[in-house]
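Next, two complexes with chain A in common: one pairs it with chain B, the other with chain C.
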Partner chain A sequence: MNGEAAKRGIFPLPVLFFSVGGVHYGVSTDQVLSAAARGASEDGEPLWFQREMGYGGEPACPRPAAVAVKAAGGKRLTVLIDSLEEIAEVAPGEIRPLPPLVARHARRKGVWGVIPRPGRMCLLIDFALWTKS
Partner chain B sequence: METGSEPLASEDILGEVKRSLRSRDVVNVEEEPVKLVIFTLGEGRYAFYGSEVREILSGCEVFPVPFLPGYLPGLINIRGDIESAVDLRHILGKDKTPPGKALIIMAERGEFKSGIIIDAVEDVADLPQSKITPPLATLTGTARDLAAGTVELGGGQTATLIDIEKLAAMVAL
Partner chain C sequence: MKITLRRKVLGLIAVSVLLTAFVITLVSALSIVRRADEKAAAYKETLLSERKAQIKGYVEMAAKLVENLPLEEAKKIVRGMRYGDKGYIWLQDYHNVFLTYVDPAEEGKDQTDRVDPTGRHIIDELTKVARDQGEGFLNYYGYVPGQQDRRPKISFAKGMPRNGWIVISGLYIDDIDRAVAEEQARIRHDVSITIAVQLGVALAATALLMLGSAFFVNRYITGPLERITRIMMHFNNDLTTTIPVAGSDEVGDLAKWLNEHIAGLNKSIRMVAGATGGLHNHAGAISSAISQQSSFAAQLSSSVAEMTSTMEELSASAVQIAQHSQGVVERADRTLADTRSGAAEVEALTVKISSINSGMQANLAEIVELGRRSKEITKIMEIINNIANQTKLIAFNAALEAASAGEAGKRFGVVAVEIRRLADSVVESTAEIEGKITEILDAVNRLVMSSEKTSLMMQQSQESASHTVAMLNSMVDGVEESTDSARQISLSTKQQQIASGQVLLAIREIDQGVRQSTDSARESSVVAGELAELADKLKSLVTTFKIEPDGAAAGRTG
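The block that comes next holds the complex of A and B.
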């Protein structure tokens, strides 16, 4: 990432990390409206992240966490996930692009990059892109 | 001691050695050896051209990505670079490779670059081009679609030479 991004104030990027079905994800906190460790939702019918991302099978988490996010068009959307992990600032050098074979499938699910961490791989998701797709 | 013009036995031997070396040189010119990486998947034996193999990684963690097609189980981290992992076993119609750590061949040809999950490396060998023959008529299914030829390994054993370009075209669809 270049100095321009830093000047515009994108980095360090605050990211909310969460997990679903043993897979780790991260979303820019700019897109997060609220997060609740145990899935109470004020907004109509929440979406099961696991179901929408094509994991196969039905979500098995008995007490999911809920994250309210900004979807496409600024719409509020509540997504049920397995667990919230942490909020951390991410430097540009920590983010890697997806390899081409994966990128074209990933974009349809709003996934645009990856943060490699020891023993794990965090997929970065853009909920506006996800809901647009 | 005879001092006539008859050559010494050692000169005969050396002459024979030189002729042998020259004839070997001729064979080498005619039959440029081809480096092949021979590996197994289930009961099958396969090969890639060595020139298309960048490295072989054992115990490489494949991080699952749920929304990808079955032949793309996830991502691998190679010294900080993130690459895709292709499950060749799944492509060839065998059982999917179980999740977790895997033996991976990093293959590269043109714009295609990906890890390819295999069961075991059997050999890395330099073989004459003549050992590569057209694909066996008995080869069927996806293996036939991907085959660049059949490698004769000796002892009646063969390996199916996989064409990385065809594999790349298949997974890019």
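The block that comes next holds the complex of A and C.
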């Protein structure tokens, strides 16, 4: 399914939900190539998602998961996260735009929307934008 | 009455010449008359002098004759002295008494009171002249002997004081006045002839001058002017007309100025003709553009009308959607209430299961004991967990693949999800398996059968209850979300209804604007038509002028 089409709210968006440092994220499955345990068939040096997002501190998860994603220019990139949660389809109407105050800054981090989930808020991330910035 | 320029000029010349001749003649005549008067006066003076000399001679001769004679002798001689037709001499004393006189009746009488018609005492004044001056003349009016009328007369008195006598004689001088009058008449006649001759000469000279003036005026003034007038009268908007330039005087300047003016007018009309063509084309272009604009406005009006109709239908649909959304909200509220009721029932069931579970505590204690003993097989459990985790990752990857496969991968995605859940169950079950293994290991014979059955029942009940509670809770959450969404939809629909109304209002304003624009385009079209008509009129007006090509007019003024 085309991610740009999903951004325009035309089709349901399949999203891989994961968590890092207690923060919940979602990424379009179009940008996810595979999931694996830490150390299994990683391409090059993996990136710690928590470090790259600039949260501070060192990752403390004992058993991180490795997600292979499509970076800018179609490059394959391995990102280390705390845990995989689920894959689900999200209706475009559920996706809320970011508040204008933080939208510009967040977009530089690759965050382009918010999905309210029961008991939590998931930030939608675009790995192409994330790696470009 | 129309007076031509030629007549005016010639009339002015004639009047000037005649006036000059009249003045000259008048001055000349006055001079002649004045000289004639002087001549007449001199003539009169000459005659009078002759008369004076004559009477003086007679009186002096008489005085010579009688100065040494006695009175009576003297009287005889004086009485006999006559000259001319009526000339006589008388003798008197210094007391105004006549000693002799032509009328003997007057002798011996005092003549002091003898006066003439002017009141002059004639004898007394003659006596006074003789007494005072010795001799002298006196003018007065005297009687002609034998007649009653008096005539102008001059007398000469010469005193003879030694004798006491005065000798006097006089002559009438009215014939002198007649002679002078005749001379003056003759002179006036000469003057009249002279004036007539001068006037004749002046008239002849005037006639000749008029002929010459007529020739020159006609050749150098009125002729060129008449030619210019004739050309201009037949001008008839012909801008190729050239006026001949005769000479370098004012008429020539006028001809040059008219040629320059016609050339300038030719240039202007040529420019106006060009501009008129452009104006006509522009008016046509404007009219065409306005027609297109009018047509476009009509199409736009039709489109706006269709949009209005569509928006009205959309607004009606929005009302229906709002009503249906309200129904959905009510239905969702009921569903939420039912779901909460079901959740409460399941909670009660859980309580019951918990009660059952309490009864199984003893058995559980045994199981705990068995679990304590099953630590030895923890490594096996970790392996199982690792396998389950790997299975879970595989299930994630399978789900990713299924998601990227789109609609075709949906079933596979469901299987992947189930596998992931199974892996989760495996992970969860490892604990139970560990317990079961521990029981098997610690209470091989005593509790195997009962614990296994009880544990199995409890596990199944617990799982069912938990599963049901989870489902109900999930349903409650879903129904709450559905209710919120339905409310949001209802609110959005109402907002959409309001927005549709505003859009409809805006479209009606647009429709009104389009109608006004159409009216304006129609008025502009009328104005453009009038402009084109005006351009046509101007063009037809310009075509009444006959113009010559550009540059040809430049030679006319040179």
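To be clear about the criterion, the second predicted complex is superposed on the first by the 119 of 133 C-alpha atoms of A that agree within 3 Å, B and C clash if a C-alpha of one lies under 4 Å from a C-alpha of the other, contacts with A are read in each partner's own complex, and residues count from 1 in each chain.
Definition applied: a contact is a pair of C-beta atoms (placed from the backbone, for glycine too) under 8 Å apart; a residue touches a chain by one contact, two chains touch by 3 or more.
Since the structure is predicted, the reported quantities are computational estimates derived from the model, not experimental observations.
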Check: Should the superposition on chain A be reported as showing a clash between chain B and chain C, or a fit?
Finding: fit
Check: Which holds for A:Val102: it touches chain B only (first), chain C only (second), both, or neither?
Finding: first
Check: Taking the superposition as given, does A:Ala60 touch the first partner, chain B, the second, chain C, both, or neither?
Finding: neither
Checklist line | Comparison of chain B and chain C by chain A residues contacted | finding: B
Note to self: One more residue to check, A:Leu16. First (chain B), second (chain C), both or neither?
What the structure shows: second
Next item on the list: Could you read off the angle at the CA centre of chain A, spanning the centres of chain B and chain C, to the nearest 10°?
Entry: 60
Notebook entry, point to check: Just chain B (first), just chain C (second), both, or neither: which does A:Ala35 touch?
Noted result: second
Next item on the list: Once the two structures sit on chain A together, report how near the CA atoms of chain B get to those of chain C, whole Å.
Entry: 8
Next item on the list: Using the superposition described at the top, list the residues of chain A that contact chain B and also contact chain C.
Entry: none
Note to self: Which stretch or stretches of chain B touch chain A in the complex?
What the structure shows: 61, 63-69, 72, 74-75, 77, 80-84, 86, 111, 113-114, 171-172
Note to self: Residue numbers of chain A touching chain B in their complex, please.
What the structure shows: 21-23, 50, 53-56, 96-102, 105-106, 108-109, 111, 114, 116, 119-121, 123
Next item on the list: Going by the contact rule at the top, pick out the chain A residues touching chain C in the complex.
Entry: 1, 14, 16, 29-30, 32-37, 65, 84, 87, 93, 118
Item checked: In the complex, chain C residues that touch chain A -> 389-390, 392-393, 396-397, 399-400, 403-404, 406, 413, 417, 477, 485
